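Two complexes, one shared chain (chain A), two partners (chain B, chain C).
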Partner chain A sequence: MVNNQSNSNNPRLNYDYRRKKNAEGMRIQVATFTLMIFFTVVSFVAVAADFSKWFVVPFILLLAVVQVGFQLYYFMHMSEKGHEAPSLFMWSGVTIAFVTVLAFMTIIWW
Partner chain B sequence: MQAEEKFTPQTWPESPEKATLEGKNKFLGFWLFLGGETVLFASLFATYIALKDKVPSPDHMLAKDLFELPLVFVMTMLLLTSSLTSVYSMYHMKNYNFKKMQLWMLITVILGLGFLACEFYEFHHYYTEYNHTFTSSAFGSAFYTLTGFHGAHVIFGLVWMILLMVRNAGRGLSLYNAPKFYLASLYWHFIDVVWVFIFTVVYLMGMVG
Partner chain C sequence: MSTIAQKRGFASTVWDYLTTVDHKKIAILYLIAGGIFFLMGGVEAMMIRAQLAVPNNDFVSAGLFNELLTMHGTTMIFLAAMPLLLAFMNAIMPLQIGARDVAFPFVNALGFWLFFFGGLFLNLSWFLGGAPDAGWTSYASLSLASEGHGIDFYALGLQISGFGTLMGGINFLVTIINMRAPGMTYMRMPLFTWTTFVASALILFAFPPLTASIFMLTFDRMFGANFFNVAAGGNTIIWEHFFWIFGHPEVYILILPAFGIFSEIFSTFSRKRLFGYSSMVFATVLIGFLGFMVWAHHMFTVGLGPVANAIFAVATMAIAVPTGIKIFNWLLTIWGGSIKFTVPMLYAVAFIPSFVAGGVTGVMQAVAPADYQYHDSYFIVAHFHYVIVGGVVFALLAGTHFYWPKMFGTMLSEKIGKFTFVFFFIGFHLTFFVQHFLGLMGMPRRVWTFLPGQGLDTGNLVSSIGAAFMAVGVISLLINVVITSVKNERVGNDPWEDGRTLEWAISSPAPFYNFKQLPLVRGLDAYWLEKMEGKTTLTPAEPIGDIHMPNSSFVPFVISLGLFIAAFGAMYHVDDKAWALPVLIGGLVITFGAMIYRSLKDDHGFHIHKEELMEENDDKGVKA
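Presenting the complex of A and B:
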């Protein structure tokens, strides 16, 4: 059962490989984090710079969606295998979430 | 693979959070819970969007009069960084390094406490300076319910992580507690997911009007 994800029978080799793979994964996480910080700063600057509301609102919403995608798929590992059920649960949740927000925004117009 | 089995970094499985049946079940159940949380927060966001700036008289403060970008920026950075530190914590968990996992989780908790302190200050400031309270207007109710629910999640997440760290301090890492740490870290990321929408929809969009 131990190390069943690997093809080699040499445990030492598997260990080195996994350590390397984890370190590589961590570098990707840090790169993701840098991008998230960058998007956050851009959002705040866009608002502080006082651009037109019709540009800023869709722009910062787009950046928020991208950032949440990073958070879910990298920080929460949804991009890795074995996450089919989590994807189903989250996307179902997102669908209901979208409909809920849409309903409240369109039904209430005063 | 048994929960109490002793491991070395060499024999530690690749996905310790899912190596036991209990771990697998927790993993599945927790993601289902997060899907439900998404819907819960969506209803609070929808309510907030519908009731934003709905005040009974002109002497009440509106979103653009209340919010201050520098404070929100600091809170965002604290929470975003704490999300990365909990990724580091799980990195060390997968490498079977218990001490470093605990250390990074402690850093996560400290950053979370910093966020919470800012939020307490923020609410106190609105209450004393602007008389913006839970019952002062529909806007106030919707605002405090949404941000308060998120704040309550932060408190719950912090208590959860502190309890895990204290309870398992003398035990070391095992397949019994690895799923527990993993789920606490997932929960913490989810809190950051919600915050990304709060700072965008509530604060930034509140400032643009």
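Presenting the complex of A and C:
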């Protein structure tokens, strides 16, 4: 129960609440983990099934983006309190990188 | 370790500064190094203006002129303006948020020494076969064709100093996020802290593109790569994009802290709360955000096509909106205030019309079709000097006067300060106003000389006379510094008498642990609030206790020195010199060895004990 510390010495404080919260967290983690394995399998299938590369490449990239989201928000707990500043900076960085790549794709290497 | 100041010899003072990790001493190092580079950039500017004073002049050769203008731009942006702003950020920001130091004092020192050795390396080019000569933008096809080692000095020097700046930016971000005093919420932070925060975020996102592009340039020139070599399948335009993806945020990295300094000055000397505080914060963040969406307006004439040009033109004009919000907020801060025209306030008031003039020409250039006329003419030179000198340099001069007592404990003379202001202000407008018209009449920028009888003679002469006025202004500031330091009349906590933020509540200069007890912040302009309730000290947020301090360290100097040595090896490797490779490897060994030493050796710092702090209270009869 490291993710929800309390500043009280009493180990029984909010015990039921924390227990419930952790159980819920565990359930979500298992669910996302299953989904992530599923995504990986789907990507391999997409390549193995010999679809057009105009479908396969964007499709795998899309799955990758979703995976990164899962990783950050469910495994690395970015959705929890106290992660506002890191998430702000990560999203700013993503935005800037995206704009840069978009501009390079459209006006240099078009 | 005693907390009582002792008389020191010269050598021990030098050693103290070489090893310091104290943000206030690092600020002084930044101020001195940045000031020296500012003077060097100024001498280069004077030589440029001397060459252009009369037509057909041969005061300097064409090649030397290219080196002078390149080094003037590079030095002023990377080695003068930014470090001087970092000096004020270091000196003031931790005090403004009620912190005892920055988050990573060691990294802070490392940042300074990397900047210093990078700048030193760049300027050694004058003595080692010629300075860089492809302009501060160093566009790739030109810089790849440049002979000698000039561009190598540019690439390696800026790479090293860029690492330092990046570290400084990250350090300030972590400090502001994590080390605010109790009660100092984001929306209670002074504007200078806010602009430091946003500028640091811009550093964090803007410097990696520069680092990447300089690496590519380094490899193209020194290790046989072909990133920008069109003949070998590279693309020379990529450099321009990367450079301006960095370069445009860079100008906001410069101007935002300048805005912050002026915001503090306006509210202090109008003796009013800053008008529209929350809209100021919003505008700062918005400028920072939009700053990344406009870089291609430097490249309208490259041939990006009408769609790209139109998008970037509109985005550029959008930036005028938050900037306008700021201008009106400053005007309304002064409006109805009880105004005191001190030297910092004079600069602040002069800044508004000067900067607006530069902003207006900026919007003119944002109109892409019109920009085809302005491009690469003196109109551009006039524009960016109006925003950078009229904005950033005015802020640096104002900040020097405003924060001098907090950094050194003495007041710069107001009389000489006014003399400096008058000469600098008149000289600035004399130099650059006429350049708008020179540009419109067709004088290209970066031109070595011009012919008589083309309508350019008078304008250039006026411009050069103006430059001499600015030089007089700067020299009088130096004299002011010397006189003030010799007189050494100490001042109290709040020498301007109208200080509003936390830094004015502690002694000038601040004790090395800053705050004996972390202050409790009860609103915006925390110290002003306390003063309005008749108190002279801050409300403490904690009882007096032991203070944990970091130890001084010589390691940052050694790490930076190693890279400095390695840079020589990398550069002369091209000439097939036998010693080059060992020097490159040796330098890197020094750097990484010092890093390993730092990682493996535990350094827990030391504590100032409660008893010592209490004793000091009794000695002086004052409270921190």
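Throughout what follows, the second predicted complex is superposed on the first by the 84 of 110 C-alpha atoms of A that agree within 3 Å, B and C clash if a C-alpha of one lies under 4 Å from a C-alpha of the other, contacts with A are read in each partner's own complex, and residues count from 1 in each chain.
Following the convention adopted for this analysis, a residue touches a chain if its C-beta (ideal position, glycine included) is under 8 Å from a C-beta of that chain, and two chains touch if they have at least 3 such contacts.
Nothing here was measured: the structure is a model prediction, and the numbers come from that model.
Visitor: Applying the document's definition of touch, where does A:Ala85 land relative to chain B and chain C: first, second, both, or neither?
Guide: A:Ala85: touches chain B and chain C.
Visitor: Touch check for A:Ala48: first (chain B), second (chain C), both, or neither?
Guide: The first partner, chain B, only.
Visitor: Which partner does A:Ile108 reach: the first (chain B), the second (chain C), both, or neither?
Guide: Both partners, chain B and chain C.
Visitor: Is A:Tyr15 touching the first partner chain B, the second partner chain C, both, or neither of them?
Guide: first
Visitor: Figure out whether A:Leu61 sits in contact with chain B (first) or chain C (second), or with both, or with neither.
Guide: Touch partner of A:Leu61: chain B, not chain C.
Visitor: Which of the two partners, first being chain B and second being chain C, lies in contact with A:Gly93: first, second, both, or neither?
Guide: both
Visitor: Looking at chain A, which partner touches more of its residues: chain C or chain B?
Guide: B
Visitor: Quick one: is A:Met26 in contact with chain B, with chain C, with both, or with neither? Answer first, second, both or neither.
Guide: First partner only.
Visitor: Which chain A residues lie in the overlap of the chain B contact set and the chain C contact set?
Guide: Of chain A, residues 85, 89, 92-93, 96, 100, 103-104, 108 contact chain B in one complex and chain C in the other.
Visitor: Flag every residue of chain A that touches chain B in the complex, lowest number first.
Guide: 1-6, 11-12, 15, 18-19, 22, 25-26, 29-30, 33, 36-37, 40, 43-44, 47-48, 53, 56-57, 60-61, 63-64, 67-68, 71-72, 75-76, 82, 85-86, 89-90, 92-94, 96-98, 100-101, 103-105, 108
Visitor: Would you pull the chain B residues touching chain A in the complex into a rising list?
Guide: Checking each residue of chain B against chain A gives 1, 9-11, 13-15, 18, 27-28, 31-32, 34-39, 41-43, 45-47, 49-50, 69, 73, 76-77, 80, 83-84, 87-88, 91, 94-95, 186, 189-190, 192-193, 196-197, 199-201, 204-205, 207-209.
Visitor: Help me check something: in the complex, which residues belonging to chain C touch chain A?
Guide: 173, 177, 201, 204-205, 209, 235, 237-238, 241, 245, 289, 292-293, 296, 304-305, 308
Visitor: Applying the document's contact rule, which stretches of chain A touch chain C when the two form their complex?
Guide: For this pair, the touching residues of chain A are 85, 89, 92-93, 96, 99-100, 103-104, 106-108.
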